[in-house]
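Following are the structures in question.
Same chain, two partners: subunit A is paired with subunit B first, then with subunit C.
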Partner chain A sequence: MMKAAPTLSSAFLEAAGSKLPAPLQALREQRGKALADMPLPTRKTENWKYSSRYLKLTDELAASLPAGRNCGPGLAVDGYHIVIHNGVLVPEASDFPDVDGIEIRSFVDLDDETAQQLADRLDNTLDNNAVQMARLNTARFEDGLYIRLRQDAVLDRPLFVIFEADAEAAGSVYPRIYVDAGANSQMTLVEEYISTGDQTALVDAVTEFSLADGANVTNVRLSLEGENIHHIGATGARLLGHARLDSHCVGFGGPLRRHDLQVRLEAPGANCRLNGVAVTQDKQHFDNHTTVEHVAPHCDSEETYRNIAADESHAIFNGRIHIHKDAQKSNANMSNKNLLLSTGAEIDTKPELEIYADDVKCAHGATVGQLDETALFYLVSRGIDRREANTLLSMAFINELIEQIPVEAVRETVQARLNRFIEQAFEGA
Partner chain B sequence: MLSIRNLHAAVDGKEILKGIDLEIKPGEVHAIMGPNGSGKSTLSAVLAGNEAYEVTEGEVLLDGENLLDKETEERARDGIFLAFQYPVEIPGVSNLQFLRTAVNAMRVHRGLEELSAVDFMKLAKETTKQVDLDPAFLKRGVNEGFSGGEKKRNEILQALLLEPRLAILDETDSGLDIDALKVVADGVNALRSPERAVLMVTHYQRLLNHIVPDYVHVLAGGKIVKSGGRELALELEERGYGWLGIKDSDEVEAG
Partner chain C sequence: MANTDKQVNELIKREYEHGFVTEIEAETFEPGLNEDIIGRLSAIKKEPQFMLDWRLKAYRRWLEMDEPNWAHVGYPKIDYNAISYYSAPKRKEDMPQSLDDVDPELLKTYEKLGIPLHEREKLAGVAVDAVFDSVSVATTFKEPLAKAGVIFCSISEAIQDYPELVQKYLGSVVPAGDNFFAGLNSAVFSDGTFVYVPKGVRCPMELSTYFRINAANTGQFERTLIIADEGSYVSYLEGCTAPMRDENQLHAAVVELVALDDAQIKYSTVQNWYPGDENGKGGIFNFVTKRGACIGKNSKISWTQVETGSAVTWKYPSCVLRGENSVGEFYSVALTNNYQQADTGTKMVHLGKNTSSTIISKGISAGRSSNAYRGLVKFGPGAEGARNFTQCDSLLIGDQCAAHTFPYIESKNKGAIVEHEATTSKVSDEQMFLCRQRGIDPEQAVSMIVNGFCKEVFKELPMEFAVEAGKLLEVSLEGSVG
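Showing the complex of A and B:
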């Protein structure tokens, strides 16, 4: 007899009331109801094939992490910053921009009319069948950031949003951002996910971007949480004519790390660069799923993801490019390179191309390998220590992508952490 | 300084070196010539410690110590330098970072203080001039996108910075035009000193017009079949390898 697929525990759907405006509260309840019978991903769920075994939505994770104080300094920031502690904004730790045409507000502070407009748009950038867990976010968020850039508005410095999960008790938290970028507006958003405390916790984060004609948004997403944090994230973006999304996702492994990135190029000239780096060690996990939808003709996408897996860790990349029937003259490139630092590590990579237009340029490549022996010999033949040579070569493998992150403070933080990761990976080797 | 005694080496089970004997003293420049496939590059690779080659017999002593027991990096720190025939491109590691890491590894081994980034930059820039390489090459990935000549000059730049006791040049002249050849030869001549030896492996005599060797050895079939002074190289140029009873595969192919 077939066992029925497990469903989401009802404990997750007994969310307490929130201070959200009525339209958002209504959306939340509606999503909650729809989730009641949602089967949880299993090994047989294609887009969770390699990761369902890491997904453990136990009842103890259902409770919201209690709002509290800000726990301490986040990472180096160089720009405006907003600290969100267990889902609640901490004004005294934040430095909001005061720039013409740019509005940043907490969901709980929205008037009903704006809240209704937002409620109508939330989840619109994401294919909900593919990212079931984003729906849980919508059913559970207690606050969020609504960032609105009016036409031609330019944010002069990067905006850092620091999401701190404070896991002194077990529970979950549901960070949410919606960016509405008007025509020809520009901004850089750096999301940093960090944690304190040592209890098991789930972070289910969703960020959405709506880019009007000519809008130019850079998004850096840093996944830096501790070993006790299970992280499921989704980023969705819809781009109109000549809009550009420059995305840089950097993540360190954990017991469960999953990120879905979905980009829709909906009008001619829309273009995106999607860079990603994930590194895993010990028994860690990291799963990146990306989808680029070429809906309109004359759009470009350029995607480069690299993984390093050490010890007995497991990294996954699944990259889908979907070129719709009318998307002639699409230009899509996707590359995924992987470095295995130990025989016990596992990397699964899968490019998926679906092309329905006949006049397109589409290239993809995926490799899994080890460090290049000839390069290693060259370095040690100059007297360089073998371990240092390994480190140099591993760093080189991902540095190419890190150097493209257009925020210096982020590059430095990330490079230091990656160096540490790589040194650890070769310790005792 | 370097004593090679009855050295046999194989790759993939096939014996390439079949008993090499060679003595190199400080200050000397030796040239090893021979047709393609004679084992010249194998000798360089074995001395540098390339693990693709297996030493099956014989020994190599550097200053009385067994060289073959040492790892590649230890040999380098003891003063063995191999200028590669095909220098490796390493995108993502800057030439500057690579050179500084190597120089500092060497300095630590010699009991000297490591050079700061600023001091090293100064030294590196000066040295690039000596090999006629634009300092901009320091910022690029190691050998990344360098032309053949630039790669060879980068090898000599490394030799000048690392100050080896024995510099082995593996076909350093191959693929160089005459101007680049002169630059490389000037660099090698700058390396010459009473404490340092040079071992040049080459197919052609032309490099030896610029770096005048003290000894010339002809390697064929995995053995040194003839040794002499500089005039041996000139004779080889004039008469080819045939008079020594050696078939040059190049000539065979050409014929």
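Showing the complex of A and C:
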């Protein structure tokens, strides 16, 4: 007999903190009410098919992690940086840019009028039916970053936003960013998710981008949290004419890692490049879901995701390209390659095309396999030992994408982590 | 370009030529489904107790199941109690002993359909089992087949004559609880085809079944079971048509294939059920479960399908590759026009070592139709050295249609390799220009381009079918270009 679908525990609906301006407070309450009895995704929920069993929203995770000030070791940054500790901005640890036309403010500091404008726009880049968990963020966020770039404004150096989850006790945290990029503005935003402490915690993060005509935004998203952190993230972007989004998502596995990336190309000439890398080991899990909506004609999208799964881990990719009815002359490409390093591990991939216009060029490809035996042989026959050869080839598999990240400090951080990962993966091999 | 579009549009319009109704006396159950109906059905067929038990078990299970809604199709809710679950052409008490005993009206129908049913058409060399509405009406070439030791008969006969084979294999590949429509079929299937090819026998001719839904308000639920014993080979063809009616009719068949060590089964389908009229009215709901199990080592199952009919298609011929070195193949052309909807594809489940599979799927959508490929390639932990290659291409004709691809790939074995590719394109202006410039009229040009697009699949079809398929495609495309 069918069991009733589990619903979200009411413990999650009690938002803490009331420092937000009234319009945002009202939005949060309204979303909270709408979530009552929200059915949780199950194995039968298509977009949580492979991940629902890792999603454990127990009551002990419901409480917000307390805002503290004891920041962990900072990461190498090369640019402006903002530290958000357990969802709350830490001004003294941050280095805000002082550039004409660029305004970065925390939600709690907004005046009512701006807060109202923001409240009207929050969530409008995401398809809330598809990203159920983003709704929980809107019902719970306690602060956030509102980044506004006026027309032609250019941020000269990358902006690092470091989200630190300090899990001294069990609980959850709801980071939030909204980027409003004016016409022809430019910026690079690096989001780094890190953690300290060793209690179980949930990070439910949402980042949204609204790009006006000709805006050019690079977004790097690093998921580097510890083994005790369950991470559910969503990124939404809407692009107007000739706007460009360059997205690089790099993630290391955990008990649950989930990222939904949704991009809408809404006016001719809008284009995006989406790169993603996920690596998992031990019993880790990583699930990337992407959607590219070609709403307008003459838009381009290029997507490349690579996964490596070792030991008994589980990596998932689900990419969807949706060409709307009048989006003629669309160009969409998607490639997903996966490396399965052990038979205990599992890779699931689903590159989808949904096409309602005829004059389009769409292609996707996906592969799952192990390292090429002939390439290994080539290296081994030239005196490189097998383990070294494995490491080299695995690194090369991922590096193609890492090298495209335009921020050197990030490349270095990631490469160091990847080296460690691959060394461990081939230990004893 | 507008010009080309118009020409192509005109091409797609042509009516369904198998849309006639045959006036023959039929014995039909009143609509409705309950245990009593199943009991009566089983009694009419003089089935042994084990079959009745099996049907009732399937029915009880089915009552608890939900109709699937994940497919990319939309159709009005089906009232399963408004369907008649048995309709048989009335005839003498005994099964026809030869074609002379078959109702001449029926034979005319088949003649209209162009099936080589009559023995005088021996040249075609195809042994036919024709299923008319719910029952099998005639099986040809029984003798030469019997000489080779091949059993080719209706499944009702098989239940009587070879109960041990039926009991062993029926439901072994598609269990009654597999899915909603398979469950319904298990409870109410009225007839179908049974094939058993003994050890080491290469079936001397192509076997074939022709399905036709004739009576109104009936559903067709046939069941096909093909068993290829060690080292045997059989090639099986299946064709289908139905009259034009304004109401939708349900067709929920189950096909099970079993290949033992070194056996090979080739299963080809040309599906041309009535697709509804150009406004999307009427047509067959084709909700079919087809699955083959490569149980034995080095066995091979190959599915080839050309789908041009049905209002709504929901069909995934699959292979479970259990035996070492077993091979699964799926070649498909699915064409949709007007308001047709198709959600079709395959599943390749690799369980054994060094198993391999190939999937070539060509989807063509025209008019306002929607055509989806949905596939699963799965490697279990034991599928060391397994390989899959998948290619699914879509061709769009006209800007009102839709083409989708939903491939699922799941791998649990590091030694398994899967490659998947998909592309979507349209009949390009350049291609049309090249043909027109050489004096080929637009209708022919589109048909040439489409045929070229499908060539990889057509070459897998047995000869007679390849010709039919090419022609069918031309017909189905008529008036679609736009």
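Just so it is clear, the second predicted complex is superposed on the first by the 426 of 429 C-alpha atoms of A that agree within 3 Å, B and C clash if a C-alpha of one lies under 4 Å from a C-alpha of the other, contacts with A are read in each partner's own complex, and residues count from 1 in each chain.
Basically, a residue touches a chain if its C-beta (ideal position, glycine included) is under 8 Å from a C-beta of that chain, and two chains touch if they have at least 3 such contacts.
If you're wondering where the values come from, they're calculated on a predicted model, not measured in any experiment.
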item: Partner chain in contact with A:E388 - subunit B first, subunit C second, else both or neither; value: first
item: Partner, of subunit C and subunit B, that touches more residues belonging to subunit A; value: C
item: Contacts of A:A396 with subunit B and subunit C, given as first, second, both or neither; value: first
item: First (subunit B), second (subunit C), both or neither touched by A:F377; value: first
item: First (subunit B), second (subunit C), both or neither touched by A:T367; value: second
item: Touched partner set for A:Q415, first subunit B, second subunit C, both or neither; value: neither
item: First, second, both or neither for A:D348, with subunit B first and subunit C second; value: second
item: Residues of subunit B defined as touching subunit A within the complex; value: 48-51, 71-73, 75-77, 81-82, 84, 87-88, 90-93, 97-98, 101-102, 105-106, 109, 141-142, 158, 162
item: Residues of subunit A touching subunit C in the complex; value: 1, 46, 325, 328, 338, 340-370
item: Residue ranges of subunit A in contact with subunit B within the complex; value: 372, 374-375, 377-386, 388, 392-393, 395-400
item: Contact set on subunit C toward subunit A in their complex; value: 64, 70, 379, 381, 384, 394, 396-399, 401-426
